[in-house]
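Next up: the structures, one after another.
Next come two complexes built around chain A: one with chain B, the other with chain C.
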Partner chain A sequence: MTKAGMTTVQQAREAEVVKTSRSLPAAVWAVILSVLLAASIVVAVTIGPAGLTAGDVWASILAHLGFGDPTLSPLRDGIVWQLRMPRVLTAAAVGAGLALAGAIMQAVTRNPLADPYLLGLSSGASVGAVIVLVLGVSIALPFAAFAGALVALGFTLVLAGAAGRITPTRTVLAGLAVSSVFGAVTSLIIFWSATGDSYREILNWLLGSLAGAEWPAVAISVGALLLVGGPLLASARTLDAFAFGDASAAALGVNVDRTRWLLLGGTALLTGAMVSVSGSIGFIGLVLPHAVRLLTGPGHRALLPLSALAGAIFLIWADTAARTLFDPRELPVGIITALVGGPVFAVLILRSRRIS
Partner chain B sequence: MTDAVQPTSGLSLDRVAFSRAGRVIIDGVDVTLPRGAFGALVGPNGAGKSTLLHLIASIERAASGGIVFDGAALPTMPRRERARTVAVAEQQSDTELDLSVVDVVMLGRTPHLGAFASASATDAAVVRDALAAVGAAGLAARRFHTLSGGERQRVTLARALAQQPSLLLADEPTNHLDIRSQLSALSLLAELARGGLTVLAALHDLGHAAAYADHVIVLAEGRVVAAGDPATVLTPELVLDVYGVRAAVLRHPLTGRPLLAFAEGSPAAAETSPTLDLESSL
Partner chain C sequence: MSATVRVRSLVLSLHPPEATIRRSVVPLVTLAASVALLSGCAATPEPSSTAAASGSGTDTASTGYPLTVDNCGTEVTFTQAPQKVVTIKSTTLETLLALGLGDHVVGSAFTDGPVPDDQADAAAAITSISDFVPGQEATLALEPDLVYAGWESNLTAEGAGDRATLAGLGVNSYVAPSACKEEAYKPDPLTFDDVFSEIEEVGAIFDVSDRAAELVAEQEKDLAAVTKNESGLTALWYSSGTDTPYVGAGIGAPEMMMEAAGLENIAADVHDTWSALGWESIVADDPDVIVLIDATWNTAASKIATLEANPATAELTAVKEKHYVTVPFPAGEAGVRNVDAVSSITDQLETLGL
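So, the complex of A and B:
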């Protein structure tokens, strides 16, 4: 890499500029966020009644992974390993998946306001998930949610494109219409099936909640993140090529149509899996990618993994707040993310008006 | 059709046709542009110039016809290979993203880079050279959205050059530029062509085509109505026929190339008036 022996000072300086000063900070940010994520997982598990320490959490983790003997009482170990750890891990995976989905959607649709929640995917996924739960075939849960997300995305795009060119504003309005209808359908299905506390259950699906997250939820969300999110990371350079639009991407050798449908399908799959374990948690896909762009710029090779890391950390803490702020009562975590995300959305609208 | 001699080097279009929404946009276009030539694609608005460039770059697919460059059919070439062969400098290139000029030009390296490969020192050097070639080395560290129209045009051209193409397609490279930037953009394209790059630029200004191009292709309603060297193609009759305006074709006193002067007027009145007399034309 540094084999340029006869490089003049001038060339070296330009090469420095060409390398862009961002490539180093991106790697540094990756390390910082990874450390923060690991720390967040451990610390978030300690928070709440029972007075656990980070040491307790480590002991429990090590014991369950087969390193060392259990030192915690079964009750405290149960709180760590059966109650909080799966919930925190699910929060991390869902946050990462939604942030990644948002970053990809923003690039593919060239719409800074794109987000799985705002474009209706999350509501569609909720409908799919709720139908399957009512029918009692929960094994199909993530797939039904995926199908719901895909149907909602289809509606949104058709609605946005029906009156001509797809614009960011029209897409968001179409998403609003679609998510309103799908949200209402979710509520109707739950109310009609009327098992237990319908209102609470409706809230959990519409605003999102990780209250019931156990190890199967971890398996679904982490599995989707690895199986779908992992390959999506490989699209970074292709997404960069979309910066100047479809024609420009095509001229750079990108198969535009195939890429768009593969990536939108991938984000629908990812969103579906996440919503099936958490309900539709909003704004993560909007807020985190924009925050990360401020740190490292818009290059997707940094943006995608860092958005995922930041989304994981963000949702861990949002969920920790949701379960502790009004302890022993729980807030749907979507209320926290909306409190943060709504204002960010407003800022983006103001800024995009100034641009156009 | 098949007995025509196909040049093995350069661009060759054979009966290229394309329709959009049932409307014929490109209607059986034949073009021959030798390697290293600067071709100007001219014609009225809506003649199909941009579409033809998109068809050559396979951004849109021709319904029929052959598009061959240096003996290889472009539409069937693998995408990445094609993007290393043909580059397009778009007319109005803009992004909402906050990219530096280097980021933008580095996009031109996309067809040379794998999904996970980092930009190498070679890529950085190509980007630097591309910026230098368009006289924009000093813009490297600027943010793209802070650039003027002329600067953007240069950077867009640099991005296309960073693809290291053999064929460069430029759509209205002088659009929105002041006269100085227009002329420097055109002389840059002419210089690139002299360096061996085959250049095809859609131009609005017939005067520019006359002054800079080696080869002029006149497109009207999706058909080639004339093609050849500027002096033989750009006649008062052709201008009247294609654009419906009167024109006088002079000799440029400084360069010896054709120089066009225009006057509005009804075609009927114009039929008698084409003249090489400078005073009466002005």
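So, the complex of A and C:
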């Protein structure tokens, strides 16, 4: 059994090497995506309903970084530095965090459909956040969201485990059940407590929105990405082992249960932090790891960082669309990610069929 | 979103305090007191300690800046009369127009219908920036020094900007006090005094207290001239909605106007400004009159069609007898058109022979 497991892993590794060598090496993709991310940030801050020129926007930003003087009025300078810049950076961090969380969950649960949404993390985090926002319970929002995410994840795994061995299918079904219940609890709290037209605000939040992202949101999302996402990136090898089943992973020296809980706890923390600043934005955790896998193959050492980069770029542009497409109105960005993410996922399904 | 994520303390004062404390020729302490009285109940506008009223021997009261008002729980300090205002919703635009401040409005948004005829010319010159709640960047691009909103929920990150964010950028925000949602600030019930004190507070903010006083006096006179309907009619204030209608409840502007017109609101026992009310209880109460709110997006005619199409409501007395009274949407929310709306309601009741 052990020997057989080893062989499978080795074969898969070899197959992976063969496959990735056909396309560009992961390092090249990493450079390309990093450049694209930097370019996206640079360009996205210059786009917005206020119609500021790129030169003015960058003069403003450079002035805040200590170079030169802003050419804009204080209010327009505020649009750039207090609204757009933190929003773009938050979008990047949230996109990266969600994509990373999705990639890890897909590996740990060996389920291509796993993402923070599907396993109940997002809806759990929403319950936590809505309790703070609507009921005014005084806990820090990210912690409430994290606690909610953890509770939901716990329910999902316990339910999946109670039904027998934790299999991918059981995990998804349990996640669906937990998501529905937590979604209903969120709706109940809102329905019960929201007065008059404050529904709108909460609806925006439930759909996912970066409209309120200012510097504190940057601190939370970037902080969570560095503190939690960083260590998670280092788990790539373990995740490769997980890909071939618990038995194979154990054979490779992985303490399966402990590692699974540690990784899932980490993703819960990451998701909770992201949901607390952006609401629950769907599809990023599901779609982007799949898209990246098509580029680099399933090896997690490439998949994790590249998914994070791709997630960052994707959410920056989705949010730019959300705040400019229907100027002067804004859309919740979750609508855009779902509108784009759904069809992209469909294309991925069709492509993967052709490849296999 | 995330209220706690925002830094409330981040109030960068981009506008240096331009405290133009006007020296009064005579120390008019008594006048200051009477101005404070005029501007409504003691709970609403509290001029800061540095604020002083001055008058040069005439009866015009001018505002001393900085003026700090406690607006729905948010302290807003004006260092001078706002020069560039963005209004959100009809009531705010109409209040400013009624005070002759149309030239201070750099953009209006989310209006609920046309302004009254006597304001049409002044309104024609004002740019409408959005038919809905504008985004914060679109609002800020006009470089306003005040965003005057009809609803608290207009001032969120998803809308025209969170109040703390706006303050951080040096932009004041002011919400119609009648729309405050916080327990301590929500008028319960709303009275005409609340409506008038908003006019006075806005007058003080813009340093046109004399015009505000004139307007209030005029409105008080018109309100006193209304002949209350004495027939003891019950009524439904039908604002919007079809499956579950949204109706005027016990403590808001609809109740205030119905009471002034002599109508008994069938939803008066619902302790809210507006509320969803099931058709079943409406049919059970069988109101004598239905007040229909007419908005461009939800016309009075469409409400009549709804009422007549549903077999249960088609049997209501008011529907069978066509006892309908129409109120334009902007007049249905607390503002300068409420008094006119009351007299229009009583006139319409008279025309209906009720």
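FYI, the second predicted complex is superposed on the first by the 300 of 356 C-alpha atoms of A that agree within 3 Å, B and C clash if a C-alpha of one lies under 4 Å from a C-alpha of the other, contacts with A are read in each partner's own complex, and residues count from 1 in each chain.
The rule we apply is simple: a residue touches a chain if its C-beta (ideal position, glycine included) is under 8 Å from a C-beta of that chain, and two chains touch if they have at least 3 such contacts.
Quick caveat, the model's predicted, so the values are computed rather than measured.
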Chain B versus chain C as contact partner of A:243, first or second or both or neither: first
Touching partner for A:75 - first (chain B), second (chain C), both, neither: second
Which of chain B and chain C A:209 touches, first, second, both or neither: second
Partner chain in contact with A:253 - chain B first, chain C second, else both or neither: first
Chain B versus chain C as contact partner of A:299, first or second or both or neither: first
Residue ranges of chain A in contact with chain B within the complex: 1-4, 11, 14-15, 17-20, 23, 110, 112, 234-238, 240-241, 243-245, 247-248, 250-255, 293, 297-299, 352, 355
Contact footprint of chain A on chain C as seen in their complex: 1-7, 14, 109, 129-130, 132-141, 143, 151-153, 156-159, 162, 165, 168-171, 181, 272-274
Parts of chain B lying in touch with chain A, wherever the complex brings them together: 54, 57-59, 79-84, 86-88, 90, 93-100, 102-104, 106-108, 110-111, 113-116, 118-121, 124-125, 127-128, 137, 140-141, 163
Interface residues, chain A side, partner chain C - complex: 48-51, 73-76, 78-79, 82-84, 129, 132-133, 140-141, 195-198, 200-201, 204-205, 209, 211-217, 220, 276-279, 323, 327-330, 332
